[in-house]
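Structures for review follow.
The two complexes that follow have chain A in common; it is paired with chain B in the first and with chain C in the second.
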Partner chain A sequence: MIKAVMVMNTQGKPRLAKFYDYQPMEKQQELIRSVFSALSSRAENVSNFVEADAIFGLDSRLVYKHYATLYFVFVFDSSENELAMLDLIQVFVETLDKCFKNVCELDIVFNYSKMQTVLDEIVFGGQVLETSSAEVTKVVEEISKLEAASNAITLVPKTVSSWRGR
Partner chain B sequence: MAGSSIMETLFQRTLEDLIKGMRLQLIGESVFISKALEEIRREIKSTDLHTKSIALQKLTYLNSLHAVDMSWAAFHAVECMSSSRFAEKRIGYVAASQSFNESTPVLLLITNQLRKDLTSVNEYEASLALECLAKIGTVDLARDLTPEIFTLLSSSKVFVRKKSIGVTMRVFEKYPDAVRVCFKRLVENLESSDPQSLSATVGVFCELAAKDPRSYLPLAPEFYRILVDSRNNWVLIKVLKIFAKLAPLEPRLAKKVTEPICEHMRRTGAKSLMFECVRTVVESLSVYESAVKLAVAKIRELLLEDDPNLKYLGLHALSIVAPKHLWAVLENKEVVIKSLSDEDANIKLESLRLVMAMVSESSIVEICRVLVNYALKSDPEFCNEILGSILSTCARNFYEIVMDFEWYVSLLGEMSRTPHCQKGEEIESQLIDVGMRVRDARPELVRVARSLLIDPALLGNPFLNRILSAAAWVSGEYVEYSLNPFELAEALIQPRASLLPASIRAVYLQSIFKILIFCVNSYLSQTETLADWEPKVLDSISDLASVRAPIEGECEEAFNPRVLGQPSADNSIEDIGNVDDGDGQTSKFVSFSKNGFTRESIANLLNLVEVAIRPLSRSLEVEILERACNILGLIEVLKREMPAVFQNEKVLEKEELEVLKLIKLMNDAFSEELGPVSVSAQERVPIPDGLVLKDNLADLDEIMGDVKLPSASSFSLESPYYGHRMDPASSNVQSNEDSEASNESMSLLAEHRKRHGLYYLPSEGNGTISNDYPPANDLKSVDTNQDDTEDFVKLTAQSLVSKKKPNYAKPRPVVVKLDEGESVPVVPKKQDSRDDLLSGAVRDILLGDDAEKLSSSIKGKEKVNMDPLDSKENMHDMENSHHRKTTSRRSKQQPHRKERGRTSLEKLGKEKEEHGGKVKSKSSHRHGRQKSRQKAEGSSDVIAQTPVIPDFLL
Partner chain C sequence: MGSQGGFGQSKEFLDLVKSIGEARSKSEEDRIILGEIETLKRRIVEPDIPKRKMKEYIIRLVYVEMLGHDASFGYIHAVKMTHDDSLLLKRTGYLAVTLFLNEDHDLIILIVNTIQKDLRSDNYLVVCAALNAVCRLINEETIPAVLPQVVELLGHAKEAVRKKAVMALHRFYQKSPASVLHLISNFRKTLCDKDPGVMGATLCPLFDLVTIDVKSFKDLVISFISILKQVAERRLPKSYDYHQMPAPFIQIKLLKVLALLGSGDKQASEQMYTVLGDVFKKCDTSCNIGNAVLYECICCVSCIYPNTKLLETAADAISKFLKSDTHNLKYMGIDALGRLIKISPDIAEQHQLAVIDCLEDPDDTLKRKTFELLYKMTKSTNVNVIVDRMIDYMISINDNHYKTEIASRCVELAEQFAPSNHWFIQTMNKVFEHAGDLVNIKVAHNLMRLIAEGFGEDDDTTDSQLRSSAVESYLRIIAEPKLPSVFLQMICWVLGEYGTTDGKYSASYITGKLCDVAEAYSNDETVKAYAITALMKLYAYEIAAGRKVDILPECQSLIEELSVSHSTDLQQRAYELQALIGLDACAVESVMPSDASCEDIEIDKSLSFLNHYVQESLEKGAQPYIPESERTGMLNISSFRNEDHHEASMHGLRFEAYELPKPMVPSKSPVTYTPSTELVPVPEPSYSREVHTSTAVPSISNSGSTELKLRLDGVQKKWGRPSYSSGSTSTSESSSQKTVNGVAQTESVSTSTSRAQATSSFDLKKPQVEISPEKQRLAASLFGGPIKTDKRPTSSKVVKSSSHATEKPPVAKAADTASEKSTPVQPPPDLLDLGEPTVTSSAPLIDPFKQLEGLLDQGENVSAPNHGAVNANKASDVMSLYVEIAASGQSGGAVNPVPTNGDDMLSGLSGMGIRTASPGGPAGSSPLSKGPNLRDALEKDALVRQMGVTPTSQNPNLFKDLLG
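Then we have the complex of A and B:
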């Protein structure tokens, strides 16, 4: 199963951090830091795997991909295939690309919750449930529509009605 | 209130505003965050859910990326979850799944909300609830929501169904009894035509099987069908992972899946699937030669790829295959060795592991030589990896692989000198360990220790301190093997030794003490024996020594007296040596007398040591102070008692005999051999009566708090006393007592050793030293300029392929091993009780399935010896369980089940009474049935261990 997904920039600022087994907040910060220090010491054009046993405990592997200013990191155990995880990062980034049209770091910074929706559609409670980026895009759009609809109905009338209701 | 609510709503900053603001902020991030947090705290209290939810969303963001605590907002999250508007509900759910954990108190409040949303017609709402449950599901939630999950498992909406499949993982883990309800539907999804559900189901089974593969063996036919039919790589990878776990348990299954797996391996274009096939074969099907051959061929393809990922995985697969099929590694050794110089640290590490896997008795010398040269050139981190793996490989199983300890000991010395070496502790312990275990290695060990000790450059490197400490200990303990003890003593008192930390300095001093005793003892016993026969020779020795002494005195910092001494005195000393030989002395003795235990040299040594040690008698460190004073005391005694000896060797009067006795005693104490101590030795010492070991000493501090003195002041107070002692007149009595005391302690030590002799090893093997064997790495030590890689390839070609063992000039020396208690006791792995429960439940269901539909054979077997009563009961229970499965809405809570279990037990009891005599046969029959179940599963012991789960199928 997947233990954690992180997106961080090359300065070590986290842009997304999701842990699938509960970690206390301090621990999360520590993990992010140690992952970053492991990644930043690696040269370009080397393999995308890092031995993560020291950071995440036994039977942990880490796969990362470096796009422009961002690191995409997946941490998982022996129930996942390393190369498949690498492909999954690709799927994740492709989906983001479809959602934002040429995704860049700023898109991710400003659309935090949308990125989270995308990830939630791909990885569910540590398990990969969807590997097709078209399918994910469809669902994400559906959810945004639903959100917009619920907000549009409510925005102006809601405040007034709730005010009147009181 | 209302007004403020509107204002808040209209002017509230959204998450986007927050993020923008943070990017533009000029006041510093933490200040900005605390301001935003203030705002959030205010907004979140709003009665307007919209305002509340936006505030919660901002808080969730800050929590996730900026480590802001949000546990205080748990109730607000629950409120948002209950909103009827999707956007707000979603924010609530995201916040809950991010911040809730087992100990969140409001968790109890969300059960009904989750139930409501799980049954919602809106699939996205159901999905939110499922996601939340998958993340934070607790025992209670899992138990209470099992019926809803069961319904969703057969939902017509794939979007919800796949997530409900995913959530079963968490539900089963938390509440194993959910298996009884949901398992069948989960299995049904294995046959689903929908790829997403199938993929999710296989994923769940992969996780389940990883924890307890045996329980899922009955599902093998389903998995096999998927393996053969599916064309989805993701699904295939997961099925392969399942088979990798199942195959070792059932050889027939392994045989059956081998061919399809090989077929996939040949045909697939996806590297991920190919690699998974390879891994499955090398991990679990390594007995099938043809499959392994194919896998190794595929590994080779991976190794030749340019992509570092594939190369790394190829090496990784090789290291899995290595223990069983070393030929696979040997076939690819060029690649492996080239990879040692790869720029990628992962690849380097993997190839290092593989190189160490190739090591054998015959190749170790060469491989280590090249690796050490390699370590010299690589970056510090990898250098230490290399050294570490050499050390651990060689030390494995009591140096099993090392044939030639002289080589190994000199290798240890060489490794210590590697510039980046940080393995001081390991080298330290191995130097000492080899010294204690391998008698034959001691001469070389002392030689290595000498060369480490006399090098002043090593003293400045803190990583080598521990090694120097070991070297000092070795040189003191095994000084009798030294060619030149004087040189050792000089090395130990060199001025730069003051750079060492106190604890190691103390070891140095103790070693000096031992060396002094040894030298003086050798001298005295020499004069004792020689005095009667060859007075003239001795005169000539002392003459020669007196010639030599000034030279030595001048050049004592050069630490190379061997070279110095040779040109002037060699010939005549050789002569004396011969004379000695004629007198029947051992050859060992010759080498010492060669170095001249003469009156002059001993006196010289004493002076030298005294000058060097004197300042230490004012040291602030207790250990140093004490040991320095011991040495000074000894020197004073010797100086006082010895003049007679020095002046006239022929006359041995009573006094001298006393000195002789004293020195002999101390020498005896020191030459008692130390052996390796078993790790359990301490346990075997009986605890004396009245000794309370487990007393809590915490309150000791309170009592002793004011008694404790700062060590520095207490000892500097005493130093005048020591200074006073230097006055020769008054010191006599003092030092006499002193040495007597130390003498006493020596004998005490000897006595102690004798008494506890059973914990030290009896010496074995013979102590003869043969110097005819040349050190291994002297043979070809100069060809380092060559390219290491090529060199390495060549030598592995030579040494690995040729299977014949090289002819060693001498047999492998004895390595002392304790027969028991030296291996670390292996704690048997205890399975998690929850896992046990889960697998027990799964087994029940699966076997229940079998009993119901497929395996009539097992049932038949049961029927043969089934008495009517039991079969009735069986039927009854079967009905029960069936009933239970269909009427899923009825929640099955723990107390309920227990009650049921009890009632059935009571019923049993009644029946027992009724059928009086039948009881025995019945219970034995139950055993029989259990056995048949075990057979059906191919397991024998696991079931017997499963804890008592009320088993409805019985």
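Then we have the complex of A and C:
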């Protein structure tokens, strides 16, 4: 089972933190901090795996990937495969890239809810739901369209149109 | 794209994010967020907020919370938002509540109704959103409220919904297995769903179910196998392919399930062999996910009933992993090796070089994994090398969690495989010195027991050698600053017990050291207690031996200091010591016999020695003893008469004096005799007892015969007395022993002692039985060095290699060629050792040397100025080599300004990313620009490759270390 998904930038600022088992806010912050310190102490050109027993308790592994200014982190237990998780990160990023057309940190900051939608389509309740980024993109687009449609009825059109333009 | 509206957010939010991004310090950030919270608090309660605005507020709340500030004032608004009809707002609401609330939050009850409604919605996206919320927000109590609807959704027309419904059920199962137990058949049904995605989702709950109860799912083995077969044969729609692999995630899950089902089941396993072989063959090892499937195959093969052919295939796959350049694959290889080694221990031999490389690797994760592997492959022949390396590593790390783990592993291996007592003690010293307080206290107790008991079998000389070597090493270590408490306690105990036994050190020398310890660690009461008890023992031995005791002035002051200590325990010990010094040699000898810590202290639990006396009293007309349990039911006189004796024996153990580990009461006689229970220590307990006994006897018999209340008192005294009269030596000794040993709650002593004996005898036998010359050679070659204790001390490598050469002429020849070939590499003779096992294990002789040649070539490549060649090799791993945004100098801030086209984060994706190379600047033609400075990165990469790939450049150091 996947225990947590985090995205943070290279300065340790969280950009997304999703825990599939509830963690109180203070604990979340602590976990994010310790993950960041574990990651930042790692050299380049080493493996993408970190043993996370000390941070998340027994039987925890952590896989991360460093893209530009962001770390993408998946934490999970022994029922998942490390290499597969590494590819799942790639699926996630690939999908974000498709949704945002060349994704960058700013996209993620400002489209927090969309990123959550993407993640929810890939990982559901701690289990891998979908691994094809094309499928995920399709669903997310559909949701966006519907959301926009339901928006258009009730909300100020100007902002919406520009938002849809993306 | 410059318009901020492009993000669909207001200027306000943009400014917020920007200012947080630019915040110089944590406190500045906090200040900004606190301001934001104030704003939100005000705004969110304003009437008639447009919905879009409201959505933004909620997102801002989530953002605030993500940065670690409390946003609970807004939870209710998020809950309200889930009620909204607009899909956008509803989804935002659900998102916010899933992030804000835990399943036991009070507000959940307000959402359950909405969820119920939404699960029935016509819009499948609404249903999906609700299912998503169900996973996070429903707890054991609320499961029944939504369960029927979720089950109904298993038959939904949309496969996306079915998939999520399966997973929601899985989630319920995780939270409360009982609530969905009756629904397990549904999982079997959905396994046959026409949509492969739903089938794949079903594997998750089935995996959990099979983990818990293998037996009841054996019938599914065939189904799983046929599914795996279909997947592997690409019968699934193309859309399930990922990087040209057919549905790899489903394959992985299936392999995991099969591993569980086939474990220890020959029949089931045999059914799997064919399909596993197929999957093995079809794995595309050039991509990450192919290797993931391959790794899972290896795991499965190592779990199920072994099949030689598959094991060979697995071993081949492992060697490919280990030879790979990427750390990820090496890590998987080491992990897989650790799994396979349980079944076929021989395969490690082929990979010695790779393993040693990984051990030397700068990557911590890989290193730890390798230590795990070594731990699994430890034998009595290689224990020295492995434990030494573990300890070295343990010293080098700061992470307490892992330090504890590796320390306990060291201890475990040392206890299990120790080749000699001396080595064992040295090893334990190192562990204690460096991991000290992280080590379980039991380990220290075990070690004390080992020293006290010796190894049992042999004559006493080895034991005393062991002790004196321990004493010597402790005296050396004791002066070092900041030793861990546990270690000091042990040192004090051993010094007290055996410090003067071999006559090498005078009592005053050792007492001086002990006083230093007590002084240096004056905050640690336990250490002080151990120290003063050790002093007492040393003095006792001196007195018993008839020597005059000179109490050092610092000892004197220590005793005085402790006798007024706040701790009653320390006071007690100090007074006992003072009392003991006043006794004559004979008394001291019996109170504190030398080296008697292992003598069994006989406790006559039935107090049979009193029988005679009790009989006498009864004859004189005393009432029989009534056990406490029966005292209220005085009517059952007839029964207790019969059980009298029996009961008495049962109660013997309950008596306090025997159970208290701290001998406050028993060593101080008066409690039973002097009603005032004065705490002033009686200076001469051994004398006073006779007097007291004689007075006590009449009082018992008298009181016993008078009336019930008094009689009971008398009984207590009756039972109290023996601890003094006949059992006196043993009890007083036991009490002192207990404190002295520091080991022992009485119950544990006997059991653990026997265990320790068992293990220690085991220790002795093991090495002698197991060391076969072949294995010795293996270990020697595996770790490049001789086993220090087992082999003749080889001072120089040349000597060693020649000695081997005489044993094996052909190898010598090989060695010559090897040394010729490997001239540029540092100490060539070592390769002999590496070559040797391959000879014995009938693996191709040339292998290491071939490798060596290859490596030499590599090395030239690397050192050549042409980085491009190296890069070209790397190109397959495009994803990880990343073009930094920094290329255009924007990396600094947390928030980069709106990206230009070249900055796209994902440019390297799946090989299409060469277009991004342009902003890289001068060296931009390479996709390898990780980090701000390209050139640096390239050089570093070249260096790492050189180090990582070329075992020869690393290993010689290792060998040097080991050979001294």
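In this text, the second predicted complex is superposed on the first by the 155 of 166 C-alpha atoms of A that agree within 3 Å, B and C clash if a C-alpha of one lies under 4 Å from a C-alpha of the other, contacts with A are read in each partner's own complex, and residues count from 1 in each chain.
Operating definition for what follows: a residue touches a chain if its C-beta (ideal position, glycine included) is under 8 Å from a C-beta of that chain, and two chains touch if they have at least 3 such contacts.
Here the structure is a predicted model, which is why all the values come from computation and not from measurement.
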First (chain B), second (chain C), both or neither touched by A:Glu105: second
Chain B versus chain C as contact partner of A:Ser37, first or second or both or neither: neither
First, second, both or neither for A:Met25, with chain B first and chain C second: both
Which of chain B and chain C A:Asp53 touches, first, second, both or neither: second
Per-residue contact with chain A, leading partner among chain C and chain B: C
Touched partner set for A:Glu82, first chain B, second chain C, both or neither: both
Touching both chain B and chain C, residues of chain A: 1, 13-14, 16-18, 20, 22, 25-26, 28-29, 42-43, 45-51, 79, 81-84, 86-87, 109-110, 112-113, 116, 120, 124-131, 135, 139, 142-143, 146-148, 150-151, 153-155, 159, 162-163, 166
In the complex with chain A, residue positions of chain B that touch it: 1-2, 5-6, 9-10, 15-16, 19-20, 23, 47-48, 50, 57, 61, 63-65, 67, 69, 85-88, 90, 94, 101-102, 124, 130-131, 134-136, 159, 162-163, 166-167, 169-170, 196, 199-200, 203-204, 206-207, 210, 233-234, 237-238, 241, 271-272, 275-276, 308-309, 311-313, 343-347, 349
In the complex, chain C residues that touch chain A: 3, 5-9, 13-14, 17, 20-21, 50-52, 59, 62-63, 65-68, 70, 85-88, 91-92, 95, 99, 102-103, 123, 125, 132, 135-136, 160, 163-164, 167-168, 170-171, 174, 197, 201, 204, 207-208, 211, 239-240, 242-243, 248-249, 252, 256, 288-289, 291-292, 295-296, 326-328, 330-332, 361-366, 368-369, 399, 401-402, 405, 879-880, 882-885, 891, 894-899, 901, 903-907, 909-910, 930-931, 937, 940-941, 944
Contacting residues of chain A [partner chain B, same complex]: 1, 13-18, 20, 22, 25-26, 28-29, 42-43, 45-51, 78-79, 81-84, 86-87, 109-110, 112-113, 116, 120, 124-131, 135, 139, 142-143, 146-151, 153-155, 158-159, 162-163, 166
Of chain A, residues touching chain C in the complex: 1, 9, 11, 13-14, 16-18, 20, 22, 24-26, 28-29, 42-51, 53-54, 65-70, 79, 81-84, 86-87, 90-91, 93-94, 96-97, 102-107, 109-113, 116-117, 120, 124-132, 134-135, 139, 142-143, 146-148, 150-151, 153-156, 159-160, 162-163, 165-166
